[in-house]
Structures are given as C-alpha cells and as structure tokens.
Amino acid sequence: MEFIAPSLNYAQLAPMLIVLAGALIGVLIEAFAPRASRFSSQLFITLFALVASLAALFQVRNQSSVDAAMGSVAFDGAGVLFQASILVIAILAIFLIADQENFTALAASVPGSDEEREAVQADLRVTEVFPLTLFAIAGMLLFPVASDLITLFVALEMLSLPLYLMAGLSRRRRLMSQEAALKYFLLGAFASAFFLLGIAYLYGYSGSITLSGIQESVVGGAGNDVFLLLGVAFISVGLLFKVGAVPFHAWSPDVYQGAPTAITGFMAAATKVAAFGAILRIFYVSFANAEWQWRPAMVIIAIITMVFGSVVAITQRDVKRMLAYSSIAHAGFLLAGVIALSKSGLEASIFYLFAYGVATVGAFGIVTLVRDSSGEVGDLNRWSGLGKRSPLLASTFALFLLAFAGIPLTSGFIGKFSIFSAAYESGSTSILIAGVLSSAIAAFFYIRVIVLMFFKDSVEDGTSVIIPSALTTITITVSAAVTLILGIYPAPLIDFIATTATFIR
Amino acid sequence: MNPYNYLYLAALLFTIGAVGVVVRRNAIVVFMCIELMLNAANLTLVTFSRINGTLDGQVVAFFTMVVAACEVVVGLAIIVTIYRSRRSASVDDASLLKR
Amino acid sequence: MNALTTMMLLPILGSLLIAVIPSDQVLRIKQAALAVTLLVAVTGVLTWFNFDSADTAFQFVQSVEWIPSFGINYAVGVDGLSLVLILMSVLLTPIVVLAGWNESEGGRWSAKVFYILILVLETMMIGVFAATDVFLFYVIFEAMLIPVYFLIGGYGSGDRAAAAVKFLLYSLFGGLLMLASIIGLYVISGANGGHTFDIAKLSEMHNYMSSTTQNLLFLGFFIAFAIKAPLWPLHTWLPGAAASGTPGTSVLLLGVLDKVGTFGMIRFCLTLFPDASRTFTPVIITLAVISIIYGAFLAIGATDIKRLIAYTSISHFGFITMGIFAMTTQGHSGSTLYMFNHGFSTAALFIVAGWMASRRGSSKIADFGGLQRVTPVMAWSFFIAGMSSLALPGLSSFVSEFLVLVGTFTRYPVAAVIATFGIVLAALYILIPVQKALHGPTTPGNENLPDLNIREKVAIAPVMAVIIALGFYPAPLLNVINPTSAHILEVQGFTDPLPSDSAGK
Amino acid sequence: MLEIQTPEAVMFWVLAPLSVIAALGMLLVKKAVHSALLLAWVMVTLAIFYIAQDALFLGIVQIVVYTGAVMMLFLFILMLVGVDASDSLTETIAGLRPIAITAAVGFGGLFVALISRATLGREAVGLQAANADGNVQGLAQKLFSTYVWPFEVVSALLITAALGAMVLAHHQRSVARPTQRQQSIARFRSGSLAGAAGLPSPGVFARHNAVDVPALLPDGSAAPTSISATLKARGDMLESRSFELGEVDNTVTEEK
Amino acid sequence: MTTSTSLGYLIALPLAGSIILLLAGRKADKWGHLLATALSASSFGLGLYQLSQMLRLEPEERAFTQKLFSWISVGTFNVDAGLLLDQLSICFVLLITGVGTLIHIYSISYMSHDRDRRRFFAYLNLFIAAMLLLVLGDSYLNLYVGWEGVGLASYLLIGFWNQKPAYATASKKAFVMNRIGDMGLSFAIMIAFATLGTVTFAGVKEASESASTATLTGIGIMLLIAAAGKSAQFPLQAWLGDAMAGPTPVSALIHAATMVTAGVYLITRSNFIFDAAPTAQLLVVIVGAVTLIFGALIGTAKDDIKKALAASTMSQIGYMTLAAGLGPAGYAIAIMHLLTHGFFKAGMFLGAGSVMHGMKDQVNMRRYGALGKFMPITFVTFGLGYLAIIGVPPFAGFYSKDLIIETAFNAGGVKGILLGSMTLFGAILTAFYMTRVMVLTFTSPERWEEDQHPHESPILMWLPMVVLAIGSVTTGYLFTRGDALVHWLEPVFGEHGEHTELLPHKVVSALAITAVIIGASIALVKYQFSEVDAEAPNKVSILTRLARKDLLQDSFNESVFMRPGQVLTRWLVKGDDNVVDGTVRLVGRTALGAGAELRRTQTGFARSYSALILIGALVLIAGIWVITQ
C-alpha cells in the first residue's frame, strides 16, 4: 500500500489553526508567565487570535473546496458564514468573559472554605478560561465544516469539554455551578455515546465515514434503510442534544442557570450556531435524499420544541432559566430551517443564527450587570423597576427581548419571517402554524419581563445595576446595534448570505 | 456464525449502559455506564469495519478511545470537584437546579 | 421629496429635536412637540389639496428597495381611503398634544419620553396607512404597538400595566396570525412570478390559490384586523386599554390605531382575498351586528366614563365593519367616512372625558353630577361629542352611519334592521352619562371644578368644528372617498343592487 | 467474502453471555468498585472480540489504554471518594425505575429487532484485504494521511483535558504551606495544651490523645497516676469524670 | 327665482340666532331674548312673504323646490340639501313661526327671572330652525335631520331645568322614545332607497306608482312608527306627560302646537304611500283611534293642569292621525284640526303658564279655584280656547272636529260606524275633562294653599294669549269657508272622490254638540256643583286609578322593556367579563397551567433527564420500526 502524503490547505484551515495556536500560547502563558501579567496577556492573545482568525477567514471567504484537509473539512460558503458568525459571537462573548467577576477565584477550592476566601482576597483569577474558550471556539469552528464523521465527533467533543469545565467555574453559588457542570458533562457524554453509535451505524450503512460517501449510499443504497435510519436517529440525538431540542433539552435550563453568565451567553449563542451548522450540513448534504423518512419526525420535534420552550418559559421566575427555555423555543424555530431543506432555508437559518446569537450574548451581558451584594440577581421579581433605575440598560434588554419575540424592526423579526417562509415554502404548514402560535405564547413572557422592568415599582432590596466595564459595554452596545440594524436594514447581510451560502458535497 | 451477532451484543451492551445511566446514582458508576456505551459503539464500529472491509471503522474506534480518555479526565475532575464540595458523589444530591 | 415620506420623516426629526432638549425644560419640549405636529398637519392638508380625487390609482408613490432578496420595498402611496385616514391622523395628533398638555407629567418617565413616543407613533400612523408594500405595512403595524404599549403602561392610570400587556398580547397574537398569512402570500407569490410584497401584484395571487388556502390566509389577516378594530368577541382588550391610557393615548388608540383594523379589512382582506371575503361575509356581518348591539349594551352598563366610550367604539366599529362587508358603494364610502368621523367624535368624547376625570380625580360616572351648571363649556363639549357619537343628524357621524345602514340594507336588510336598533341604544348610552354627570343637582366634590381654559378651548374647538361642518357638508371627504370605494368594489366585481321595485316593473 | 470460523463462534458464544452478564452485574452490584471491576471484565472481553475481528491494534489498545489506564483512573478516583462507598439500589425518584426498565426493554428490543431487519444489500467483506499489509500498518496509513486532520485536532483535545483537570484540581496557594515546625509551635502557643498532642489517629475510639486524659481503671474510674503531675499541677489535665464509664454517653448516633 | 334664496334664510335666521346665543355666552344675556324673538319674527315675516308670492301663482305652480347644495352623494344614493315649499309646508311654516314668535314674546316675560333665559331662547330658536327644516325638507332624509333636530331641541327644553333629576329623566325618556320612532323613519328611508332608489318626496311619489303594495305597506308602517314616536301616539305615547317638565312655553310650542304634530305632517306628506297601502292606512286609523280614547281617558283623571292638557294634546293628535288615516278625504281635515289645535292648545298652555305664574308655579288644579276673578284676561282667553277644543260652534274646534267625526262616519261600513262612535265618545270625554280643567281652575271655589296672591300676568304674556284666542275663535270659520283649506291643499293631497254619506252633515253636527253637552254637563255637576277635595281622593274607581297612572303605560314599558333591558345589560356586562374575557383568560391560564405542569418534568435530577433522552431515542427508533415495516 502506497502511503499518500497528506496535504493540507493551510489558508483554508487558518481560521481554526490560528485559534488553536492562540489557545496553545494561552496554555504556555498559564505555565510560564507571572501571575500578574497573565490576565492581560491572555485577553490580548485571545482577542488577537479571534480577530486574526476572522481576518484569515475573510481572506478565503470566496473559496470552496472539499480538500482543505484530506476530505475532513468541507470549506464552502455556508461554512464560512457559520465560522464568521461563531467568531463574531465569540469576540463579543470574550468581552463578557473578561469580566472576571463572573468566575471563581480558585476552582479547586471548596465552596465556602477559607481557602476560597483567601483566593478571593488574593485576587486570584482563573485565567485558564481564555485558552479553554479558545479550544471551545476551535471546536465550534470545526464542527460545522467537518465533512467526515471522525472530525465531526472530535469537534463535538472539543467544543463540549471546555464548556463542561467552564460551566462549573462560577464565582457565586458555586454548588449550583458545579452541579451544572456535572449535569452538563454526564448528559453530554450520554448524548455523545448515542452520537457515536449513530456514527457507527452510518458507517455500517454506507461503508464510508465521509458525508458525501453517506450521501452516495443514500442515493444508491442496495439494502434497506434500517441502518441508515438508526444512524440518523442516533446521530440526531447527539446533535439535537447540543441545540437543546425537546426531549433532549433537559440539561439546558439547569446548565444555563448554573453556569457563569458570561459562559452561558457564550455557549447559548455560539454552540447553537456550531451545532445547527453541523445539523444543517449533515441533513442537507448527507440525508437530503432520505427526507421523507426523517422529516416527519423532525417536524414533530420542531413543533414540540417550540411549544414546550414557550409554554414552560411562561412560568419561569429566573431570568437565566427563562432565557434558557426561550433558547429551547428558538431551537424549535431553527429546526424549521432544517426541515425546509432548501437554499432559502439555509440562508434563513444562517441569518437567524447570527441574529439570535448576537442578541443572546447581549442579553446575557445585561444579566451579568444586575447584581446585589451576593452576585447576580436572577430572580425576575427583583428586576422590577429596573427601567426606573437604569433606563438605558432596561431599554436595551427590552430590545433584546423584543428581538427574541420577533417584533418588527428587530433582527428577530426578519429571522423569524425568513425561516418560517422557507419552511412554508417547502410545504410545512404545520411548522408555520405552530411557530406562530408558540411565538404568541412566547411573547407573553418576554413582555412580562418588560412589564416588570418598566411598569412595576422597584423593591428596595439592594438589587442594583453595576456600572458595566468598558468591555461589557462594548458587547452590549454592539449587540444592540446589530440587533437593531439587522431589523431595520438587513438587506446587505441577507444579500451576502444569499450569494455565499452553499454546501459543497 | 454471522458477524451481525456482534451487533446484537453491542446493542445489548449499549442498552445496558443506557439503563445504568438512568438507574445508578453514583456519578462514577454512571460515568462507567457511559463508558460501557462507548465501548458498545466501538464494538459496533469494529464489526462494521469487518463487514465493510475497510479500516475506517477501526480508525473511528481508535479516535473514540482517545476522546473517551480525554472525557474521562475531564469528567472525573468534575466529579472529584463536586465530591469535595458536597462530600457526595451521588448525582441525585446535585439537584439544586430544577424546574 | 415625496410628500408622504416627508410627513413620516418630520415627526422622527421632531423626536430627535426633542431628544436634545434637556428633560427639565418641559415647556420647551411641549412647544416643540406641538410645533412639529402642527407642521405635519399642515403638510397633511397640503397633500390633501394636491391629491387628484378623480384618479383611483395610488398617488404620491415612492418605492425604494429595502430587502431586495425578499422582494421587499419601502413603497408608499395613497388613494382616497388612506388619504382620508392620514389626514385624520395628522389632524388629531396636534389636538391630542394640545388637549393633553399636562398628561405627560404623571407618568413613570419624563415628559420628554412621552412626546418622543407620540411623535414616533405619528410617523408610524402615517406609514401604516401609506404603505403599499405588505411587508412594510406589517412592520409598522406591529412596531406601532410598542410606543402605544409604553404610552399606556407608562403614563396611564389605574391598572395600566395589566391593560397595556393585554393590549399588546392581543395585538401581537393577531399580528402573528397575520404574519403567517403574509408568509403564505409571500410563498405563493414566489411560486407565481417571483417573491413580492407589492400589494398590486399580490392582489392577483388569489388566482393561484385553492379556496381553502385563500380562506385560511384571509382568516389570518381578518382576525388580526378584527382584534385591532375590536370586533366581538375579540374586543375585551379595548375597554381596559382605553380606560387606562391617558386621554390622548386613548384618542390615538381608538381614533387612529383601531382604524388600521378596518382600513386593513378594505385594503388587504378584500383586495387580496376577494373570494374568501365573499365566503366569510355572512359570518362577518353577523359578528359586526353583534358588536353593534353588544357594544351598545355594555356601554349602557358601564360605570366608568372611559370604558363607556370604549364600548361605544366597539359598537361603532361594528357599523364600520358591517359597511365594509356590505359590498355596496354606500356601505364602503360610509365606512370610510365613518372611520374619519369616529376619529373626531371619539376624540372629542375622550378628550373631554379626560378633562373631566383629571379635574375630578375619578372617571366613575357616579362621581360626577350637575357639571352643566359648574362647567358649562366642558359639559357642552361633551354633549356635542356625545350627540355626534349617537349620530344625531346634522353632525358628521350621522352621514356616515346612515350611509352604512342604507348601504347594508340594500344587500343585507336583516343585518341593517338589527343594527338600526343600535341607534336607540346609542341614545341610551350617551344620555345616561349625560344625565348622570352633566345634569341633575351638582353633587359634592364637583362644585368647584374649573371650566375649560383657553388652551383646552382651542384644542376642542377644531374637533367640534369638524364634527359640525362635516355633518352639513361632507362632500369634500366624500369626493375623495367615492372614487376609491367605487374602484375597490369594481375590482371586486360588485355592483350595487338595483332598486328592487323599479327594476321589477 | 467473510467466513467466520468455528473457534471464533465458540469464543463468541462463550464470551458474549459472560460480557452481558458482567454488564448487567455492573448495574446490579452495590459497590462502585465491583462495578468497575465488572466493567474491566467487559472491556477485556471486548478486546478479545476486537482481536478476533481482525482489529489487533484496537484490541491491544483496548487492554492497555482502556482497561489499563482509563479503568485504573476510575479506580483511583473511587479510592479518593471512598472505596467502600456503596450505592443504595432503592429508587428515590418516583416512577423512574419502571420508566427506565420499560424504556430499556423497549429500546433494546426494538434495537435488536431493527438490526435483524436490516439488510445491507452487500456481502460482508472481511478485513483480509485491508489488513494485507498488517493491521497496524493499515491503520497508520489512514491515520497519517486521510485522517491526519482529526488526528492533529485530537491533540488539542488532549491539551484541553489536561488543562481542564488542572483548573479543577490545581490548588493555587495564596499563602505558603506551614511547615511542621510552624504547626507545632502554633499548637503549643494556643494557650491550652489540649490541642498540643494533636488528634487521635483514625480508626480508634478515642476522642483525645492520652497526654492529658487519665487512663481508666478496670472499674471504669480514672487512674490518677496516669497523668503527669506537672500537668496536673498546671491544671492542664482534663476532668476525668466525664470519662468514667457511668458517665460516658454510649448511645450510638448515626454519622451522617 | 327671487324667492329661492329666502327659503334658506327662513331656516338660517333662527339657526343663526341659536348659535350666536350659545356661543356668545353670558355676554348675550341682556339682548339675547330680543334677538331671538326678532329672528323668529323675521322668519314669520319671510313666511308671510312666501305665502304672498304663492298666492300670486296658479295652484299647480305654487310648489317649488330649491337645491341648496349636494349633501350626500354616494353611488346612486344622492341626497341634496333641498327645500320644498308647497301648500302644505307653508301652513306649517306660518304655524311654526307665527305661534313660535308669540311664544318667544310670551317667554320674554315668563322666563325673565331665570338666569339662563338666554339659553332658553337659544333652544327655542334652535327648535324653530329644526322644525322649519322638518317641514321644508324636500326628501325624507332632510326631513329626518329636522325630525331629530326638533327631538334634540325638545330634549334640551324638557331638560331645561335638569338640575331636578326627575326633569333630566323626563328629557332622556322623551329623547329615547323619540329615537324609537326615528328608527322607524330610518327603516322607511332604507326601504325606500332599496326598493324605489330614491328618498325625495317627489321621487318616492313618482316611484310609488309602480311600486309593489308590500313595499309601500312596509314604508307606511315604518312611517307610522316614526309618526307615533314624534306625535306621542299609541304605543309610543308615554313620554309626552313627562315632557311637561319643561317650561310651560315649551309645552305650548313644542308639545302642543308644533313638534308633536310632525307625525301628522309626515303621514299627510306621505299621502301617496298610504293611499296605495290600505293596510298601513288602516293601522294609522287604529293608532289614531286608540290614542284619542287613551289620551282622553288619561285627561279625565289628571290633577296637574299641564298633564291634563298634555293628555288632551295626545287625544287631539289622535283625532288628527285618525283623520289622516282616512285617506284623501281626511288629510286636509287632519291638517285643519292640526292648525286650529295649534292655536287653541297653545293658547291654553300659555294660559296655564299664566296661571302658574300667578300661583307660584302651582300646577295642581285641586289647589286652584276661582281664579277667573283674579286673572280675567287669562280666564277669557283660556275660556275661548276651551270652547274651541270641546267643539262649541262657532269656535275653531267645532269646525275641524266636526269634520273629523263626519269623515269617520263616512269611512263606510262597520269601520265607519266604529270610528264615528269612537270620535263621538272622544268628544264626550274631551268636553268632560276640559270642562273639569276649566271649572277646577277658574270657576269653582278657591282651594289655594296659603300665601297665594294670584294676579294677572304682564302684557307680554297676555298679548300672545289674546292673539291665540282670536285664532282659536276665527280659524275654523276661515278654513272651512268655501272649503278654503281643503282646496288650498288639493295640489298636495289630490282631489278626493265622493263618499257615500252615512250620515248627513247636520246629523253629525247635532251628535257632536250633544256629545259636548253630555260631557260638559257631567263635569259641571261633578266639579262646579259639588265639593272638590283639595287632596285627590283615594277611594276612586279602578278606571280613575288607572287613568291617574296613565293607564299603566309606564309600568308596561318598565316591565316589558326597561327591566328586561337592565337585566340583559347586567348579564351582558357580567358575561363580557366572565364568558368572553373569561375565555381569553382561560386560554392564558391554560398556557400557564400547561407550563407549570410541563415544568415538573424538569425535576433537577440528572437521571430523569437521561431517562428523557433515552425515551426520546426509544421513540425515534420506534418510529423507524414503524416506517421500515
């Protein structure tokens, strides 16, 4: 057997490689740099890596090839858009993560111990979150462009492992945070096992582990579809788990609530883009020809997800949990884009993911700012009267909520419109109706929060809004601006997506 | 004998592992059950590799082992952390977050 | 520059102007708001004079690409129908500003915010009637809920937050149903000549729909409009919202915003779905008749003057809806004229009721008594407005109400006959509060109420003038309305029924 | 064309039930350590199956890496959290067990049924051709050419895991750890000698070290001579009355 | 046409007066009443001028219409603001402006102590304008404007002293019951437009020739309802008694002479419809007959002088309606009675006002007596009106009522006999209750409350009374001389064919006079020649008791319409909150409840989450199992 020397297209892999390099440098800094300078150098490296990665991506935005990494990476328009979205969201989220108030001083210390107190007094910081975040981002960048199942699996784990860890790093309510990490990890690993089994069956079905190989088998398979469908089902469990679709959603409220808010924002936004990117790629590229078999199930899951997320969110009392359920509902809406299985569905999904991701980071950014003496205030009842105390902040939060609710003149509306029209165009009337109804339900709890902030008198319980750091301010401002601009004049982005978004096989 | 028998075995082991995740309370045992599931998946891969006559399945299985090892490191670290905070490794005790 | 765009821009610029005035210079803010709204009103009147009433096509047309890939344009233009409603809106706004000179001061936020909201709302009010692009219409239709929501919730009285939420949720629900229909239309247009939202092109789409599709899409639009122009049984949000808002807000809510519903029925339901409109006419006429009688009975039973006015509006909107779906020129022109007249008579009622309530500190009818002796001018204003509300001949509402009744009678005599009973009930629901509040002995608490001051007189005088002048000489409006009504019916394929007896012999 | 020889079949029919039983045992045994051992057994059988199925490399790795390293890690952690910690197998979440069993039976049943229903439309090939150059070589070919990208990426994963473990486990001392000497000095300067001797070693019933506590005579009373007179003089002796048998509180309280 | 512009002025002058007076406010207190009177008088002058113009023309050319402007024009529905002056409307114009002016003059003095006299005159002018519009409008819709306009003026004037709750209620009641009538008019117009395609009098008249009887019957019945509402005819009569809450001049002008007769105007104006719709016409007769007896019966028991006169008005309009229902033979007679009634009833109301003026606003006749001595002019003018109304020759009422009775008998057959008898019985009752009023007030012994100093009214008050008294004496003779009025109105009503005379004219006269004598004698015996209690006796016949209670009209309305209406309103208010809004809230609560239930799946236990995932996977592969079967 002749050894084929591997050839990698480094330009196309550069975005990922840069991020990985940044992460490695970060690890080295952890190892060798003096503690005092770690934070600033980490922040710098991280930002630099992300921006450089974005720039590298920009360089190759018009290229597309299946040979970027020996067939393991499909570099195409849609991939570029997913990666760009992830990077933008990541940059915004890094500003939040940089606010170390969110993180425990010393992860190894027992909550409530002297050691922890001392660590806080010594102003210790878990600067490892920066390289961890970069690793996660690298995984996320890889996930939607992976074109064979190994890469897909490795990317999945690569984006998950750092998130499992970081979910447990909250500064306050550490027991909850650690619990979140444990739950996220156990359930994540559980879902990964299904994912892996799915890979096994897809491989068994097609004899190939590349997406295009599977597609060929789907088109021209000689046997029956049992192995294919088992593979689709099991791999879907893993993927739907990541996006939080019912009934694989259960982790998300708990983890969203327990994790440090900055991480919650990051993972809610970026993971969703990455995971949906992968879902879209797999279903569009590999499974498209078997659509009549999986589509009904996907429609049902989408509907249940929308309705469940919206209905349960109504009763939530904690802002992060509410946003978690809201993100479940949004996962349902996004599944409509998968079901659409058309170019317009893909475009709509990308727009929706970007718009939703940016708004989510912004919303969680605001959540980090509402605090009392013991940390963030999640209880919605204590958010009442916020509009009086900090009108600007409350208005911005209201803007994000309106975007989530899909009110016109916000990005959420354009997203919702385009994704539902795509779904309806491909014949899914039920999705359209369910989407509209659950949007109506969802509107209720978004508006309830607005009412709380603006129309209820504040309770004097020490809840206050801290003055945001410059970085947090940037995140929130940019998110709000993007949300608004994409609501008012989305044409440039939509056009760009329309000209760019394609999957190559 | 039919190589499919390995698939049946893997399916059974996978199911047993999945049940273990649901019924066992000790986080470490739960995690071991997940490992069992991964192993079942690996067996499936190896079997399919044999059926298909390609080594890709074995490569996947190999990667799985590596990934699983990483997962074990992270997972056990998390479990140890939570054990130190709570003096308990029961997953049921970690139920502050709910509803 | 396009007249309509100018009219829409002016309030926005005005709100920016107000935004830079310091919050404590309340008087300056109010003056600025008044000046801007007056300027818009003048522009509106000039537009009115430049309008060629003989031309049934849209005039002052402007179309700019907005989101080209969805076929969305910023497209405005007016015909007789929308021109009349725009004129009403721009005339009412300065009156509202002047009449509610001090109502911005009891709110949760500063007067500045109040006037910014009012001005933004004015832009949207013009836009919603001027839009000839369905998407643009929808965007404004939904977005205008937000300023109203904050106006009610922030500056209203009583249980204002709950009322505002109810208003918003109802409207959003309707809006979402409409969104579903719009998506349906959009998809159908995509399959038949390319994606578009141009109302003219969309009005041909009914040729490509099955009757079921058409019925469903029609219902989406119609329910949204039936909520907006509250038609029984979708009306329950109105009394609370109208009673809780400031008088000015309620004037704009009842006078202008609710008209969007009836306007939409003509502009969209009839134009886009002619066959479905025919199918549903019996049902809608029935609902309209129920609204007329039901609203009147509830008004009779109302104990709160503002709620009473809201209920009368339900009755009036019943008339308008009935006239629209009677599909006769008299019905249509009558309904359009009714929209205009109702705007003014309800404005008068609400403004005066607001003054009464703010003077007395209560809007319970039972708290008033014998105001005619104490505050004759205010009492007279209320009385004349009331007379207009009960359609006393010689006042503007009579012409429109009678046209509606006559127009309906020629096609649906039973409905017209039942609706006519409404005029007896109207006498009751107006005269009961007149008797209780204005007549009778002056009850304790009312002895020292001040009569209208100069500003208030100046504010109410033009309303009264319009009410009386149009009662005697409605021709200026009818001349503009008639060609449009005739044109719409012609396109629909309806001709007025011939007189039955003279035709027979 | 794949032909499975009888020895392999025999091996399968012997080992497969054993592995299933071991797996089931894993679910049913109380002690985590037993579970771990049973899992190790399952893994070993799987390794055998791998080898039997022409996956020699994987079989070895399974034993060396999986059973050897990963399972040892598990055991290690089990030691850390208490090696004899045992699970109560009573279900505490209402309704979960029947649901789990039903789901499992359903899942397993359907799964097996589906596999039996599956057809591939092609014959099983066997790995003779692929392994022609040797299994390890074949894998290496794949690993270093076709799958070089994931192979490289997986290294990042390993770093992540290491870093993660560090974050959670690494104690960053804010103050230097006191030496034994410093600790000893601190104990004696605490004002009372009660703590000077340190605490009794684990596994004994004593609640104090003997220096300042009198020994007990057979009748249960304190032996006055068992305490240094100096201590007695200094008043650093504990009151012995509380240790007399009649006074000792010997009711057993359950430890949490 | 030289006269055309002045037609508009006819209405515009009083309208301007009312607007000026209302807008000017207190500033106009000093001169407002004079301006109003002057404007009303100038309208009268214009009316006379129009009459003189008409007299110059041939009878067929006397009617003309004038289009002011196009009022409502939508599709085929074209209504001009147009005025129609013909022989019929000029009668009304003169009656309205003439009597109206007199009452203006009277009110200057009568209302001189009221601080809101200006407002009162503004309302009066408004009324004159609206009433003129009513009679001058050339289409049903124009008439409708005036129709509701007079309703409004009537409402304002009845409630002029609305600080008294009862008065405010009375005004509301009048308006609402009028609105029921108005609804009839609306229906009539709608039917006319839908079936005939026009709503002008001329158009409808032309179209009615080819219209179906059913259509015309429908229109006729609706017009009858309208007339009943405005003219206080059965069954919409209940408001008139309460309308006496208004100042007495108002009662004289609106609720005796002019507005309440608008119904008769409407029916006679629509003669072409009723002529072709026998059923509707029969209903008109029935309504008239019932009302005339009904009103008369109420009149016999009323102690309140104004209410007694109001009941009488109701009854007299019943006569007119009855006459109008008798077809071509009766229209002119109805108008004649309307005009004579306008004089004598207005005169009597003013007389009553004068009495009240002298008696400190006492209205209870049982507290009057022997006032003739103190108020000679009032006594005489009231007496002349009295003689006219009961139909003593040669006073006006004799001529007109006599003709009605005669025409009723001549209607032929059982109908004729029945109607004739009813009119005769009505005449007996009229004579009785009017004599009762006369006697109780002026000639019987005094039963005053303390501190009464009756005195004659000032000249501004008695002068109009004198003029009206002269009218009540002479008009009957003038109108019947050579059938002047009948011939004058012939172009409008058409010539009526000859009837079979059931009874000769002389016999009818004799019968009528006999009826008067019977009625008057009973009253004289009962009240002049026997003691009258100052308090109304309680032990009276059931009939009297019923009559005092207005024959239970209010109780009937209350129990049949008002109470159920109130109950319905309450139900609807509750229903709106509980059922309609309740449904909406239920939807909300259901969503909340569902949320709360579904939330329970989020137990917090990782194991149940994994169970959920397992079940999800199970469902998925179950799906596969199903589709691969």
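Chains here go by letter, A, B, C, D and E, matching the order in which they are written, and residues are numbered from 1 within each.
In this text, contacts are C-beta pairs under 8 Å (C-beta built on N, C-alpha and C of every residue); 3 or more make two chains touch, one makes a residue touch a chain.
Keep in mind that what you see is a predicted model, and the values were worked out from it rather than measured.
The minimum number of touch steps separating chain B from chain E is 1.
Shared contacts of chain C and chain E, meaning chains that touch the two of them, come down to A.
Averaging Cα coordinates per chain and for the whole protein, the chain whose average falls nearest the overall one is C. The interface with the largest number of contacting C-beta pairs joins chains B-D.
Among the other chains, the CA centroid farthest from that of chain D is the one of E.
Inter-chain centre distance (chain D to chain E, centres taken as mean C-alpha positions): 103 Å. The centroid of the Cα atoms in chain B and the matching centroid in chain D are 15 Å apart. Centroids built from CA atoms put chain D at 73 Å from chain C. A separation of 65 Å divides the Cα centre of chain B from that of chain C. Multi-chain contact residues of chain B (touching two or more other chains): 7, 14, 17-19, 21-25, 30-31, 42, 47, 49, 51-54, 56, 59, 63, 67, 70-71, 74, 77-79, 81, 91-92, 94-99. In chain E, the residues that reach two or more other chains under the touch definition are 599, 602-608, 610-611, 614-615, 617, 621, 624, 628. Multi-chain contact residues of chain C (touching two or more other chains) are absent. Going by the touch rule set out above, the chain pairs that meet are A-B, A-C, A-D, A-E, B-D, B-E, C-E, D-E. Listing the residues of chain E that touch chain D in their complex gives 603, 605, 607-608, 611, 614-615, 617-618, 621-622, 624-625, 628. Put simply, chain A touches chain C in their complex at residues 387-388, 391, 402, 405, 407-409, 413-414, 416-418, 420-421, 424-425, 432-433, 435-437, 439-440, 443-444, 447-448, 451, 454-456, 489-491, 494-495, 498. Taken in their complex, chain C has these residues touching chain E: 170, 232-233, 235-236, 294, 297-298, 300-302, 328-330, 333-334, 370, 372-373, 380, 387, 392-394, 398-399, 402-403, 405-407, 409-410, 413, 416-417, 420-421, 423-424, 426-428, 431-432, 434-435, 438-442, 472-475, 478, 482, 485-486, 496-502, 504-505. If you check the complex, the residues on chain C that touch chain A are 65-70, 108-109, 138-143, 145-146, 150, 153-154, 160-161, 164-165, 168-169, 172-173, 176-177, 179-180, 183-184, 186-187, 190.
The touching residues of chain E, when paired with chain A in their complex, are 588, 591-592, 594-596, 598-599, 601-602, 604, 606, 608-610, 612-613, 615-617, 619-621, 623-624, 627-628.
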